[in-house]
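Mind looking over this structure? Questions follow.
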Amino acid sequence: MEEQKAIDIHQLTVAYDAKPVLWNTSVAFKKGKLTAIVGPNGAGKSTLIKTILDFIKPVTGQIEYFVGKQSSEYKEIKNHIAYVPQNSTVDWDFPATVLDVVLMGRYGHLGWFKRPRKKDKDIAKEMLVKVGMPSFSNRQISQLSGGQRQRVFLARALAQEAEIYMLDEPLAGVDMKTEHIIMDLLKELTKKNKTVIVVHHDLQTVEEYFDEVIFINQEVLNSGPVSSVFTKANIEETYRQDRNLGEEEDT
Amino acid sequence: MWDQITLLFKDYTFQIVALGTGFLGLLSGAIGTYATLKKESLLGDALSHSALPGIGIGFLIIQSKELTGLLIGATISGLIATAIIQLMSKKSSVKFDSALSLVLSSFFGLGLVIMTHIQGSPNAQQAGLDSFIFGQASAMLVRDVRLIAIIGTIIFLLVIVFWKEFKLFAFDSDFGRTLGFSGKFIEFLMSTMIVLTIILGLESVGVILVSALLIGPSVAARQWSNKLGVVLPLAGAIGFVSGISGTIISSIGNRIPTGPSIVVVLSIFVIFSLFFSPERGMIVKRSIHKKQQKNFMKQIKSLEKEHGK
Amino acid sequence: MTIITEITLIAVVVSIACALPGVFLVLRGTTMVSDAITHTVLLGIVLAFFVTQDLNSPFLIVGATLMGVFTVWAIETLQHTKLLGDDAAIGVVFPLFFSIAIILITRYTGDIHLDQDTVLMGELAFAPFRRLTVFGIDIGARAFVTMMIILLVNVGFVTLFYKELKVTTFDAAFAAAVGFSPVLIYYGLMTLVSLTAVGAYDSVGSILVVGFMVGPGLTAYLLTHQLKKMIGLTVLFAAVNSIIGVRLAFAFDSSIAGMIAVVTGIVCLLAFTFSPRKGLIQNSLNRRKRQKEFNEKIKKVY
């Protein structure tokens, strides 16, 4: 039986200011799998995620999203995609508590005007328990460590109760405890047949953490199960210096 | 002194002016919270300075000091200035604050050129220029107060209706967009509210100080709570009290202009909050720091003893 | 010397004196701090006047300059508390000082030779009539002499500390590592800004000064990548802007300082649009060219 796809990308080209960042890329993310996107700096990893999230309009190519059986447009399934940005550049002194931030994950389901209800608050609190921070709900967000902040943003994504989760380097600069909590939660999600896509920087832990891997350097070089695709040859090919065609770095 | 104040409150002109500056303080305090949270407080300063040529051109076109006409002119020139600042800082390597300073002073200069030209003499006082530069609260009329009240009510309704969305976008606009809210629409609403608030303040507080009314109350209020639901109304309240107190002081005192007097009262709130806030105030922080240092020294000493120094 | 010539001469000296420290403000991105200073030195001037009782006293200049330095310190202290945003700290400090200054001026208008109009736009038109006499000898317009001295101080500072200014502006951490204190140079620069603002207030007013400081430097910044060329161009633009501004002000019968600020803004916008290096048009041409090449590349692939 062929594995189900969650996201199918066809011949995608993305450019900033007429400078190509991703070139003629076709790749599929499998449903219910934990997939790592791996590649050197400026390879277009974040760009790929942002294009999937409809932040950036591609020059050419299509992205199909499969939440039910049918392929859909981004607009139809946006509430089913959750996103954890790369070390968020938010104002940490914003007058908001940890619970406030996690509750924001519910806003998409609420839609315009409606206020969060008890049910939403319960979900938010439940997610805080999951990331191991139930006692922090009334803390102001500036009083958290880097790892705790990352966990709060994960809790916010979990509160979206989505089908597809996209995380941009969630393990960068966090402590070991946070790393384990995050990876356990992501594995738990895939057990419920949710799709998890992670931009990952640490090649050492790919085999331990992930089911699938996608090598990317301005185009997808290799993709597939970690067991067969995560080979020395493929890593070397992706990280070869001269691959970078002298284009500007991904922002 | 007390008699003077009670007498003052019975005075019709004072009632109008105090109501006007109070409303204005309330409005700019509350809306200014969004401006400071979005780190756009200095943009407000540039916008208000840049309103001056619009007031002058508005006067040249309608040939009267009819407030609504002048304020429309002010809004247009303020928006043009903001557009130039955004264009310069986004489309070139010019830094945001350089663009801000340049546009602010050039537009203000243009305002002075137009106003002095209207007057035909370098003395701007007779052209009524001062009323918009330093504000002239005492000249407020009932219809001015009504204008502030009407626009203020609309803005507050917007805040209530879009509370969740404004909070989301003020905090993390990228995340807001992934949730499917129209970022452009929300940002447009927020900017419009801020612009209208500034424009309404021009007549009574003046182009130079109106941004202070936007920034001060929310900075003070922020020190007392970690919740936006408390900070925003509290900032409004601080603005309201500053507006009325400033007006009282300027009415009782001899030759004290209203705008600067409001700013001084407001600044007292700010300074007090920064020092004495029970959770994050500078004094509390200092004593915590000292305690930590003491504990640390104790630990070191006990360690030294243990190791039999 | 005709009045117009003398006014032009004063305007040129004021503009160059202001523009010189402005070069480094533009490069550092601290122009709004200088905007705050130009507002708060007014309080310094008023307070110093109460002590010296003489608007022409050199002690007044020193006292008022200290107020500018105090402003920088106050803003930095507030910023370090992290209790409020960096820009909000600027927006909290200068309105307070400025407001106090305006209240004092309004209350004691009769006693101080200062009024709100002077504060706003100075009186370049009257500058030639205020003479400076030493031992009964007329040595020139007071504004001219004062600003000439301040100009020389600015030139001296930039020449002496050129290397330090350059390295601390470019890379503060590196500068600190090789032994130049960025804090010291920063405060030195801000003292100059403050001194210049004090000297210039009665010619151009305390609100327009920032335009005189930022405008020419920013124009030059848009035209060249080299610091030395940038300084040269800055001086050139400062002079040209004020010559054109004075002429136009007389033609339109309007505020001279205001007109110079307008010309400065327009010239800078022209540079922003047409600069062959960083201009809007050049950028958009470059982009269009890249887009064309890119489209051809796409056609080949698909």
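Per-chain residue numbering starts at 1, and chain names A, B and C are given in the order in which the chains are listed.
Here, contacts are C-beta pairs under 8 Å (C-beta built on N, C-alpha and C of every residue); 3 or more make two chains touch, one makes a residue touch a chain.
None of the values given here were measured: they were computed from a predicted structure.
When every chain is reduced to the mean of its CA atoms, the largest separation from chain A belongs to C.
The greatest number of inter-chain C-beta pairs in contact is found between B-C. One inter-chain figure worth recording: chain A and chain C are separated by 47 Å, centre to centre, where each centre is the mean of the chain's CA atoms. Mean C-alpha position of chain A lies 39 Å from that of chain B. For the pair chain B and chain C, the distance between mean C-alpha positions equals 25 Å. Residues of chain A found to touch two or more other chains are 91, 93. Looking at chain B, one finds that residues 39, 222 touch two or more other chains. For chain C, the set of residues that touch two or more other chains comprises 85. For chain A in complex with chain B, the touching residues are 53, 55, 75, 78-79, 81-83, 85, 88, 90-91, 93-97, 100-101, 104, 107-108, 110, 112-116, 140, 156, 160. Chain C meets chain A in the complex at residues 82, 85, 287, 290-291, 293-294, 297-298, 301-302. Of all residues in chain B, those touching chain C in their complex are 36, 39, 41-42, 44-45, 49, 84, 87-88, 91-117, 120-125, 130, 133-134, 208-209, 211-212, 214-216, 219, 222-223, 254-257, 259-261, 263-264, 267, 270, 274, 280, 282, 285. Chain A contributes residues 11, 13, 15, 17-20, 23-24, 59-60, 91, 93 to its touches with chain C in the complex. The touching residues of chain C, counted against chain B in their complex, run 25-26, 29-32, 34-35, 39, 78, 81, 83-85, 87-88, 90-92, 95-96, 98-100, 102-103, 106-107, 109, 116-117, 120-121, 123, 125, 207-215, 218, 221-222, 249, 252-255, 257-262, 264-266, 268-269, 272, 278-280, 283.
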